[in-house]
Each structure stands twice: as C-alpha cells, then as structure tokens.
Amino acid sequence: MATLGLIEYQDASPEVKAVYDDIMTTRNTDWINNFWKALASDPVTLRRTWESVKQIMAPGALDAVTKEMVYLAISASNQCGYCIASHTAAARKAGMTDAQFAELMAVIGMANETNRLASGYQVEIDERFRT
Amino acid sequence: MATLGLIEYQDASPEVKAVYDDIMTTRNTDWINNFWKALASDPVTLRRTWESVKQIMAPGALDAVTKEMVYLAISASNQCGYCIASHTAAARKAGMTDAQFAELMAVIGMANETNRLASGYQVEIDERFRT
Amino acid sequence: MATLGLIEYQDASPEVKAVYDDIMTTRNTDWINNFWKALASDPVTLRRTWESVKQIMAPGALDAVTKEMVYLAISASNQCGYCIASHTAAARKAGMTDAQFAELMAVIGMANETNRLASGYQVEIDERFRT
Amino acid sequence: MATLGLIEYQDASPEVKAVYDDIMTTRNTDWINNFWKALASDPVTLRRTWESVKQIMAPGALDAVTKEMVYLAISASNQCGYCIASHTAAARKAGMTDAQFAELMAVIGMANETNRLASGYQVEIDERFRT
Amino acid sequence: MATLGLIEYQDASPEVKAVYDDIMTTRNTDWINNFWKALASDPVTLRRTWESVKQIMAPGALDAVTKEMVYLAISASNQCGYCIASHTAAARKAGMTDAQFAELMAVIGMANETNRLASGYQVEIDERFRT
Amino acid sequence: MATLGLIEYQDASPEVKAVYDDIMTTRNTDWINNFWKALASDPVTLRRTWESVKQIMAPGALDAVTKEMVYLAISASNQCGYCIASHTAAARKAGMTDAQFAELMAVIGMANETNRLASGYQVEIDERFRT
C-alpha cells in the first residue's frame, strides 16, 4: 500500500539495482527493506537518501550503535511506527542490548517531559548557557 | 519572566534547598540553572523531576555522555530552545567533543528526514521487523 | 472504532445530512469519508470544520492542487496516518502526478532535516531576515 | 516584525474593526493582542479564525477555564512561545490558580513522557480499548 | 510485538507484581493494560513511571477527569495511537461525557491551528503578556 | 551564539569557500546566511546538506515558489523560528505574494487542526484510500 508501490529487486532498473546492491553490501545483508523499495519509484531521491544515510551512519566520532540509538530515539519521539520498528532492528544488529534499549527509552521519555516543563514554565535561558 | 518566577537559593524553603543542594552535589557544581528555579514554585514537581532525572541520567548500561547526547537530540528535534542550550552545555561537560556534536546533529537531521519519507510514502512495516 | 462511532447518511439528522450533501456537491463525489462521519456526532464541529475547509481549500491565490499538496505535506510531517491517506487521494484527484508527489516528499524530508540543524546548531536569525 | 505587519485599530478597515470590536466585547477587554493584528492583513482568515475561537471557547460541556488550560497544554507541548504567553494570561484571567497551573504542567510533562514510552516500546493497543 | 515483550502477572517478579498490585488497587480495577506489561521488562522504569503517574494524576487543584482530558489532549496532539485509546478509556471512566469529549477535541484542533498561525505569521509576544 | 560559531567567508577553508561560492552563484546573491556559516564547522555536513538542498529545490515537476512555500509550511508547523524567517524571505524572492502567503498559512492551520481531529476521534482509514 505504499503510495507509489514497492519495487522488488528483479523489477528494478539498473540504477535502482546499483543502489540496492550497495545497501546490501554496506549492511552485510541479503535483503532490502520496504523503505528503500518505496523510495525506488524516485531513483534520484533513492540515491541521494541512501548516500546521505551511508555517509552519516558510518562510524566516526560516534560509533555505529550510538548513532542507531539516536536514530531510534528521534523516531520514537516523532511517533514514526515504521522507523521505530526498523531502527530497533538496526540498533540491535549494531549491538544494542535490552538494558541499553530500556535506558535509552527512559532518557527519551524524560527529555520529552522536561522539554515541555521548560517551555510551559517559560524558563529563560541562563546567561552561562549563552556563551 | 518564568510564569511563576524563579526562586533563588537564599529565598528557598528548606525542602527546596535540599533539592538544590542535591543537584549541586550530584553535578559537582556551585550553581542552579533557571529550569530548577522555575520548578521550585511547585516543590512536589521539583523533587519528583529531579529524582527522576538523577536516576535516569546516572551512568548505567549507557554512559553519561551518550545519555546527554540523546537528551540534546530530542531537545533539538522538539525545538526547545532552553533545553538545547542547557543540554549542549551538559553534554560538553560530560565530554562531548565538537566532532561528536556535529555527527550527532547529522544523525538527528537525517532521522527527521527519513521519518517523514517513511510516513509520507505510507511504507508498511516489513514482516522481519515485526518479530 | 471511531470514538463516538460513524454516522451513515441514512442515519443522519437533517442538519448532518445538509453538510454531507454540501460535501458531496462541492467535491463532485457520491460518498462521504470516515472523517466527516466521525465528526458528525458533534454537528456543530462538523459544520464549522466543513465550512472552514470549504472556504480555505477553494482555489484563490493558490490553486487547488497546491493547497492539497501543502495539506499532505503537513500531514506527512505530523505522522497522521488517516490524513496522509485521505490527502494523498485528494491531491491526486486535484491533479498531483507521481513526479510531483515524489518531489513534494523530498522537500518535506529536507525541510524536516534542516529545521533540526537550524535549531540544534542554535543559529541566530540574520538581520536581513528580520525586516 | 510580523510577516505582514500589525494592523492597529485606527488603521483598520470597517470589516477588521468589526472583528476587533467583537473580540473586545466578547472578552470584556479594551485592547487587541498582536495575534489578531497580524491576521488582520487577511480579513477572511481573521474573521473565520475569530468566529471559530469564539464558538469553541465559549463555556459549554466544559467550562472556560478548563478550555483555556487545555489550550495552554497544547501550546506548551508544541513549543509555541507566543501561544504559551497569551494562553497563560487567558487561563489566569479565566480563573486558573498557580496551583492549577503547576498541576497542569505536571500532567503535560507526564503525558509527553509516556507518549514516547508507549511508541518506543511498540506497545499494542489492548483489546479492551478497541471497543 | 512490544519490543521487550509483555510480562503477565503470573510470570512477574515480586517487585513487578507489587507495582501491578498497586496499579489495580489505585485504579480499582482487576487488569493491567499493555503499557505497564511492556515497561515491566525494566522494573526500575516501571516503578518510577507508575509512582510519577500515580502522584500526578491524583485529584488535587485539578480534578481527575480534567487531568485525564488534558492527558488525552496531549496524546491526540502527538499522534500517539496507544495513548489516545487508553486515555479515552481512562477519561470516560473518570466521568468524561461524549459532549465533553467533543468539546475537548474542538479545543485541541483549534489550538493546533492557531499555534501555527502565530508562528507562521511571526507574531511577537505582546508586552502585556511578558509581565 | 551558534554552538560551533559562524565561519565568515574570509576565514573559511578552500572547501568551505567553494560551497559558499556555489550557494551565492546558484541563488544569484552576494551573501551567505547564518545557517550555512553555522554548518561550516563541519564541512562534510555543509557540503552534503547544500548539495541536497540544491538538488531538491531546483525547479522540476514542482516550480521553485511552490517548493519554497512547502518548505515554509513545514517550518511553521514545526515552530522553527530561524527556518520560518529564512524561508519566508526565500519564498518571497521566488515570487510568493502576500495573498499567497495568507492562503498558505490558512491551509497550514487547517491541516494541523484536522490532523488532530482525525487522530483524536480515532478515525479509521477508509477502504477506498487504501488501494
């Protein structure tokens, strides 16, 4: 029911196949999840989005599991069902334990709570935080 | 301009002072930021919020800097100006480098982008993610 | 499973039927979608909401398809499943092509990304933008 | 700095003045806040928005102060600075006490927290809640 | 399909059972909804969240039904499906009538609309609201 | 006060200058706004973000002013002050009239309202919208 449908590997154009191949190689997996199959109707967006994800999610100053947990945190905060499911899987594959998941959720919940207390009470930013 | 005003240490009741003291001791600092001074008009909320933050943000399965970066990620995603300022400072104090900050922002941005592509394209959750 | 149930045409009061008739006439269609049937338990809200939608979505300085695409953009950004489904249909009926849909999604995604980069980096508004 | 400027009473067209007069009469006040002056550049939106607000915020099954507190709750949750300031004032004028404000904020914070725990943990809706 | 599974009463540890018992006693009910069963994999978060909810939702300056309606308002605004379902049930149990529900929804909708008009028009906060 | 500071043209590295030059050429302007100066501390993010924006915002199936208005719509909905200011300017430069701005805001407001009515009333997606 994806708006423009899902494009399977065997039905994909060479340019789409090239992206699919790179996704599977980079992630060391043998399948493509629906998100990419849905974007494949627009090969320009498919390529740009994948190249950006690949660049951003590669280990750097932050390691892979930290990045995946941040991705999951944003997805849970935004109520994106697909993203929560896919990035829970990705974070676990990258090494997230159940204990880390539980602590991550606690931080997400707390941040969403105090974000509203800070705005609701109209708290001014401290001078020390401005410099 | 905080809605119920800011309560300074010298004007605080003993129960509020006790929370302020615990904040300063736990954080190894000598000042209280406006968020807590704004909550202090409601000592019950002040205490409960502080006890929750203290419990959640203590190092556990996730270390302190990771937790602070997740907190900052949620705050940036939610457009909470106060929270971005205060948790940028807290994350730096916990050890976040400029390079980590920059990578964190890149992940936050990307997650917010793909969250909307997933919803906008009405992508169904893959069977493999449901188990 | 709508909270107050769905009111079908044949079961509707005259005031609700009048709104249903106007919806079908204005939209040149022969059915009522669930959104209106759910609101119909509160005829005052049903009428006000329909009159507002009718007024706002009529072609003016912006044409109908542009307005429907903006509506879809907001719905995708807000993660409203019902609204994404209904306004994708509405935008297509108003003339949105698959290519326009794909570009629209790309803009939505990008805007959600840079919105968080701007807030996360605490970027100040340029003087030139303030005038 | 409002995008289309602020229209003061003495500079307003008769149709805008009519709305301003109705706002002041309905609210039993002698001034117009910036929100309405900003909308006044689009008299159609000014009138429709005011008529909707007037209808919705009138006491009914819910009293005026409850409605204003809900309005404030949404505004705080959405991080709308203008709306938090104006609806804090409105709720107080309608009778909200400081104690009620503090409890309201606690509920807003908690709801924002558990909303993310529910989504983040991918909790399924109980059968009993579906009927 | 909850991420860490659902823990039923008979399978729960004594500390989890103690929280479950307190939930059922406090709410005068004989069952536990999935939210708590999902959190039960992390007994620390289960207890802290329940203690906070119990404290915050107890009648005080605001009565129970008002608090539940605010909770529902935030949940609807945030697009949290689970929370909307569970807090609609809770608000009804606390006494919310269908007429109150309908007015509540109207206020939520209006607040979400004017929140965006205020930000989109870049309306400055009135001096009178700052004091 | 941007978190990592603002990098002015004369202080920029060659790779940053190359992006700045491309921004000014593409937009036919002689200055760089703060958003890019703030990102410039992370040249990889600066380049990737600019290349994405340049690709996405180029006229295609949607013209430039429509894309800028959608960008502004998302920014207003998300309460991003910087983004509202900068994309209001960009949309005007691309040709948005005051009348178009006003209609755009009306659609944004309405969409945000009905998004919450749809979720709050727990409206199920119509079969016709699923195909």
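Labels A, B, C, D, E and F are assigned to the chains in the order they are written; within every chain, residues are numbered from 1.
Everything below uses one rule, namely that a residue touches a chain if its C-beta (ideal position, glycine included) is under 8 Å from a C-beta of that chain, and two chains touch if they have at least 3 such contacts.
All values reported here derive from a predicted model rather than from experimental measurement.
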item	value
Shared chain contacts [subunit B and subunit D, defined touch]	A, C, E, F
Matching chain pair for A-B (criterion: over half of the contact pairs shared, by residue number), options C-F, C-E or B-D	C-F
Farthest chain (mean CA position) relative to subunit D	A
D-F or A-D - the one linked by more C-beta pairs in contact	A-D
Distance from the mean Cα position of subunit F to that of subunit B, given in whole angstrom	27
Centre distance in Å when subunit B and subunit E are each reduced to the mean of their C-alpha atoms	21
Averaged-CA centre spacing for the pair subunit C and subunit B, given as whole angstrom	34
Residue list for subunit E, restricted to those that touch at least two other chains	1, 3-4, 45, 49, 52, 56, 77-81, 85, 88, 102, 104-106, 108-110, 112-115, 117, 119-122, 130
Partner subunit C, residues of subunit E touching it in the complex	79, 88, 98, 101-102, 105-106, 109
Residues of subunit E that touch subunit D when the two form their complex	1-4, 31, 33-35, 38-39, 45, 49, 52-53, 56-57, 60-62, 66-67, 69-71, 73-75, 77-78, 80-83, 85-89, 97, 99-100, 102-104, 106-108, 110-115, 117-126, 128-130
Residue ranges of subunit F touching subunit E (in the complex, touch as defined)	72, 76-77, 79, 81, 84-85, 88, 104-105, 108-110, 112-117, 119-122
Complex contacts: residues of subunit F adjacent to subunit A	1, 44, 48, 52, 55-56, 130-131
Residue ranges of subunit D touching subunit F (in the complex, touch as defined)	3-4, 41-42, 45, 48-49, 78-80
